[in-house]
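Both of the next two complexes hold subunit A, though its partner changes from subunit B to subunit C.
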Partner chain A sequence: MELGQVYAVLGAAVAAILAGIGSAIGVSTAGQSAAGVVTEDPDKFGQTLLLQALPGTQGIYGLLIAFIIMGKINIFGGMVPVAEETGLMILMAALPVAIVGLLSAVYQGRVAAACIGIIAKRPEELGKAITFAVLVETYAVLALLASFLLVNGIQV
Partner chain B sequence: MAIIDMKKFVLIAHNRDREMLTKMLQRLGTVEVDDALEGGDPDGYISEMLQRDEGNLQQVSEIEAKLSDIKFAIDLITKYSGTKRGMLVGKRRLTQDRFMEYISKENDCRETVDIIKYLDGELAELRNEITRLNNQISQLTPWWDLGIPLNMVGSTGKTVVETGVVDKGYLEGFKEDIAEKLPTAYIRIVGHVKEENYILLIYHKDDASLMNDIKKQYNFNRQIFSGIDTTPKQYIQEKKQELHRAEKRRQEIEDKIGGMADKLPLLEAFYDYLSIERDRMQAISNFGATKNTFLIKGWVPAMNTGVLQQSIEKVTDEYIITFEDPGPEDDIPVALENPAIVKPFEAVTDLYSTPSPRSIDPNVFMAPFYFLFFGMMVSDAGYGIVLAIMSAIALKKLKAEGMIKKLLMLLVLGGISTVFWGAMFGGWFGLEARPILFNPMEQPIPMLVLCFGLGLIHIFVGMGLQAYLNIRQGKIWSAIFDQGFWYVFLIGLILLFLPMPAAKQAGQVMAIGGGIGLVLTQGRDRKGVVRKFISGLMSLYNVTGYLSDVLSYSRLFALGLATGVIAMVINTMVQLVGGSAMGMVLAVIVLIGGHLFNLLINVLGAFVHASRLQYIEFFGKFFEGGGRAFAPFKIKTKFIQVEKKEAI
Partner chain C sequence: MMDNTNYAYAVSRIRVLETRLLGRDKIDRMLEAANAQDAFKVLAETEYGTHMEDIGEAYKYEAVLSKEIKRVYSLIKSLMPQPKIMDMFCIKYDVHNIKVLYKNRFLNIKGSLPLIDVGSIPIDRLTEIIKEKNYKDLPLPIAQTLRKLDEITAIRPDPQHINLMLDRAMFEAINDMAARFRYPFIKELAAIQADVTNIMSFLRIKAMEGGSPLLDKVLVTGGKLEMSFFTEMADQSVDAFSSRLEYSPYGQLLKEGIEHFTKTGKLSRLEKLADDYIMEYLREHKSNPLGPEALIGYLLAKENEIKIIRIIMVGKINGIKSQVIKERLRDVYV
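Here is the complex of A and B:
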């Protein structure tokens, strides 16, 4: 067991953990709002569900980077040796999606919750509501891309 | 492929033709009826003569009462008959004869509604009774073992018989005190629920005051029963029988209501029939009326004026109709006309905003980009096939209309685009096949260049549309300054980054030329040379806006990546669990469930992000929303669809 491998595994874990936590919080925030609206009007289940699902993607982005790291160190078929610096680099490369994923999901959850309020009063404005929530996600997408390009560029 | 031209019309005809003409207009479904008494006419003499037909509003509310009764009956029957009517179920198709047969049975319909209302009343009573019985039973259940009729609780000649509740904490002390101070008293614990102990006390009347002290000390809570002359056990058994009977009766009534499911088609047909009539009455209440004539004001698509006139001719030849082009003040309703292949994309624009009547219909320009972007973001050919087929089946099964139909069509097209990009990038259910173009996972930079390139084209088309709008409004200079110079400047900047020296040189010239043009013109609204120059210079800062717009298209890559990688994760998991028989079953579940989940999440993502690229990056360049959708006066039904409209 080398320290480099530990760092790399930590990188994968951090990406999945932080982004996952963020999505869990975001989805639950939006879900609470959605439940309130559906109490009044059960027909709005579909529209509110759509908005509730939006902060869920960050967790998937985190998992995605985690998986790419796993592939990189070949965790399923006997780990390849990883130098200490390389391992640290992989850990660093995981940080964009981990941290931005965490925070953007939490805040996207809040926007989604507010947008569910739009659906409560003006269900015909779904398009605008989605747009507000999706604007937050942009930065998670950019972080995902940064993490991907970084991990992809590191030679093991 | 554009916003349809609208004409204002005013139609005047005799009252005796009103019924027929209104019916005809409703069947025709191409005119929007405005309030004739609002807005007025330039001279004002016509408006002064017009009145509103108030009788119609009365009728509208009468019909609405009937409608809500029928709706109530439909809901109740649906609830108790177990017929599932999902949100996405298509309308019942009826032939004209069948429909006529239904609406001739008004009495049958009314009778059914009355029966349902009566039964519902009974149900409500039964529900009350059941609640009451349950309360009585639960109140006496702790006294089950009392063994004496409850009317014996109270005073006899010499003794007091009492029932009451003591908390667990006080029980021991209570018992000890009584045993010590009043050895002649009888105490029995009949039962207990949680912390509460139910107690029977018998003591001599002379000991009452002493007993009262003890009772007070230990919080003895006396319970009194009145009007019951049996033991609790008998009483509860009796009530349980009553409860059983009530519940049976409730079940019977519910079954009876559910058994009326065969009346549903009749009720639904009638509901729609009445709602059509209500719509007609409502339209009439917008007409202007004089003693012998009526006047309709409204909108009609310019191309349908001929049809409208012919249809009126068929009803009567005593009428006047005038058509007029909309003026600058008019609130023109917006209807769009697009080829069938573009129609589904209208759903995306509709979700955002109806275009302004004086702007352009963006759908035809937006459609190809939406198509490409959606597929790139799902980017797995296998998923594309599944998505296209599933959506096509749903489309066929549901006989959906309107928005849902457009969205399903959009998914079919999106699926096709996904197959295309999946083949380009070599993704088939997460398995890597030979890509036609390249594999983005291995070659991320060319992929990013592709995304930015498509994004740039998208943005340039948006700017082009704004330029067109400017030219159409006669602002040719605006088109040259605000879009033309930006084109030159941006293209110049891009050329600067190309590795070819010739392109670099050309880029330099263009960037500098365009930049100077922008500095000189962007401040043209300001006063004073200095202000003009400063705001011109500041406008160059907008280049960051274009930069972030272009970078935004990197999501095409990122979301495609998400689909591919998660699909690979699923496949890896399946390989891990495979092996034994149990493992095989698990593997199949993970395989199908996992890929379906991934498909669902990514289709949602692709839909949402492809829309966003239109709303923010594309529409932001030229689109003007806030139009009012054309709402023609037509036959609207909820449950049924009649094959020939003449019946109505």
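Here is the complex of A and C:
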């Protein structure tokens, strides 16, 4: 086992862990909010569920980058040798999706909770509610793009 | 900063409940109703209907309102992630009950006001506390005031004095609680309530002949306007008072309210405007999805709504014209 390989695995783990934590927090905040609305008005289950699911995407982005890194170091086929600095580079490349994923999911959860308040009063405005929550997603997508291009650009 | 995640559930439940508050249209229909019984029927279509199954007569509206306030308080108490916040709002009922019990006990007043079982201390417990003069479980300012009152009333009992001193103690207790939370919204709300109370007391005393010596006794602490400001203004005209506050947050409501006051000699308009001012403050802050604002806003909006219904029902039962009733009605929250 080389240190480079350890760094690369750490990169994959960090992407999955941090983005996953963010999504878990975000989805739970929005979920509590949705539960509040459904307690009083069970017909709004579908609309609130949609909003609850939005902060879940960051976890998927993190996992996606983790998979790409795993493919790159061929983890399922015996693992290729990775130089120390290459491993470090892979770790760094994973950071955008990990950190931005964590924070954007937490905050998207808050926006989703607020938007569930819109659904409580004006279910016909679902489109607007989703738009607000989706705007936070932009930055998670940008971070995913950055991580994706970085990981792809590193030659092992 | 509070632990906010617990609020997500509570706030969105309140969002749904806000839609069930009485809107302008329901209130207008109550106002336009031919008589009290018809107005009562409009009420039966709303959330209040659940309390009306065995109450058919319009003149029993108070029973419906007291059931509703009890329901709302116990609901918000169960939803509030920090139940201690509720003490700030329950305390006015505690103090009301203390006043009634205290006067019953020490002044032998019969046929007094009914007790309201909404406070943070159950009535049985409160009765015991007053009976045994064992005040240590009460908020400190109230306990201290009661001990002081025990000494005074032993010599010369005075119901008005009891009321004034306990009101003061209540605001002190509210300030203590608000300071403990370190949450700007709550502090500000407590300050606004103290200011509004002081402004109203000041003008009531102004309207009273030779009332100025009372001023020192009625002013409460905790407001943004210093108590010394009011004592300074004691000898000056109501207009001077109003113009001194022109650029304060209360400028607008004072201008309109005092205009009406000088024309008619009545403070009812100002009372309405003051209530509207507090409602407006709550409305501005209720959008926070992860804080106590919406819960407190709903609670006070319900109290406001009950006030509106009471004004309408009293007016209808006494056959007052709807236009006259309307002038006294507060703004609605939603």
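Quick note on the criterion: the second predicted complex is superposed on the first by the 156 of 156 C-alpha atoms of A that agree within 3 Å, B and C clash if a C-alpha of one lies under 4 Å from a C-alpha of the other, contacts with A are read in each partner's own complex, and residues count from 1 in each chain.
Following the convention adopted for this analysis, a contact is a pair of C-beta atoms (placed from the backbone, for glycine too) under 8 Å apart; a residue touches a chain by one contact, two chains touch by 3 or more.
All values derive from a computational prediction rather than experimental measurement.
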{"item": "Fit-or-clash call for subunit B and subunit C when the two complexes are aligned on subunit A", "value": "fit"}
{"item": "Partner chain in contact with A:113 - subunit B first, subunit C second, else both or neither", "value": "second"}
{"item": "First, second, both or neither for A:5, with subunit B first and subunit C second", "value": "neither"}
{"item": "In the superposition, subunit B vs subunit C on subunit A residues touched", "value": "B"}
{"item": "Which of subunit B and subunit C A:52 touches, first, second, both or neither", "value": "neither"}
{"item": "Touched partner set for A:23, first subunit B, second subunit C, both or neither", "value": "neither"}
{"item": "Which superposed partner A:36 touches (first subunit B, second subunit C, both, neither)", "value": "second"}
{"item": "After the two structures are overlaid on chain A, angle v-u-w for subunit B, subunit A, subunit C in degrees (C-alpha centres, nearest 10)", "value": "50"}
{"item": "Least C-alpha distance (whole Å) that remains between subunit C and subunit B when both complexes are overlaid", "value": "11"}
{"item": "Footprint overlap on subunit A, where subunit B in one structure and subunit C in the other make contact", "value": "none"}
{"item": "Residues of subunit A defined as touching subunit B within the complex", "value": "43, 46, 50, 53-54, 56-57, 60-61, 63-64, 67-68, 76, 126-128, 130-131, 134-135, 137-138, 141-142, 144-145, 148-149, 152"}
{"item": "Subunit B residues within the subunit A interface of the complex", "value": "87, 348, 350-353, 441, 444, 551-552, 554-555, 557-559, 561-562, 565-566, 568-569, 572, 576, 601, 604-605, 608-609, 611-612, 615-616"}
{"item": "Residue numbers on subunit A that touch subunit C, as the complex places them", "value": "28-30, 32-37, 39-41, 110, 113-114, 116-117, 120-121"}
{"item": "Of subunit C, residues touching subunit A in the complex", "value": "5-6, 8-19, 287, 289-290"}
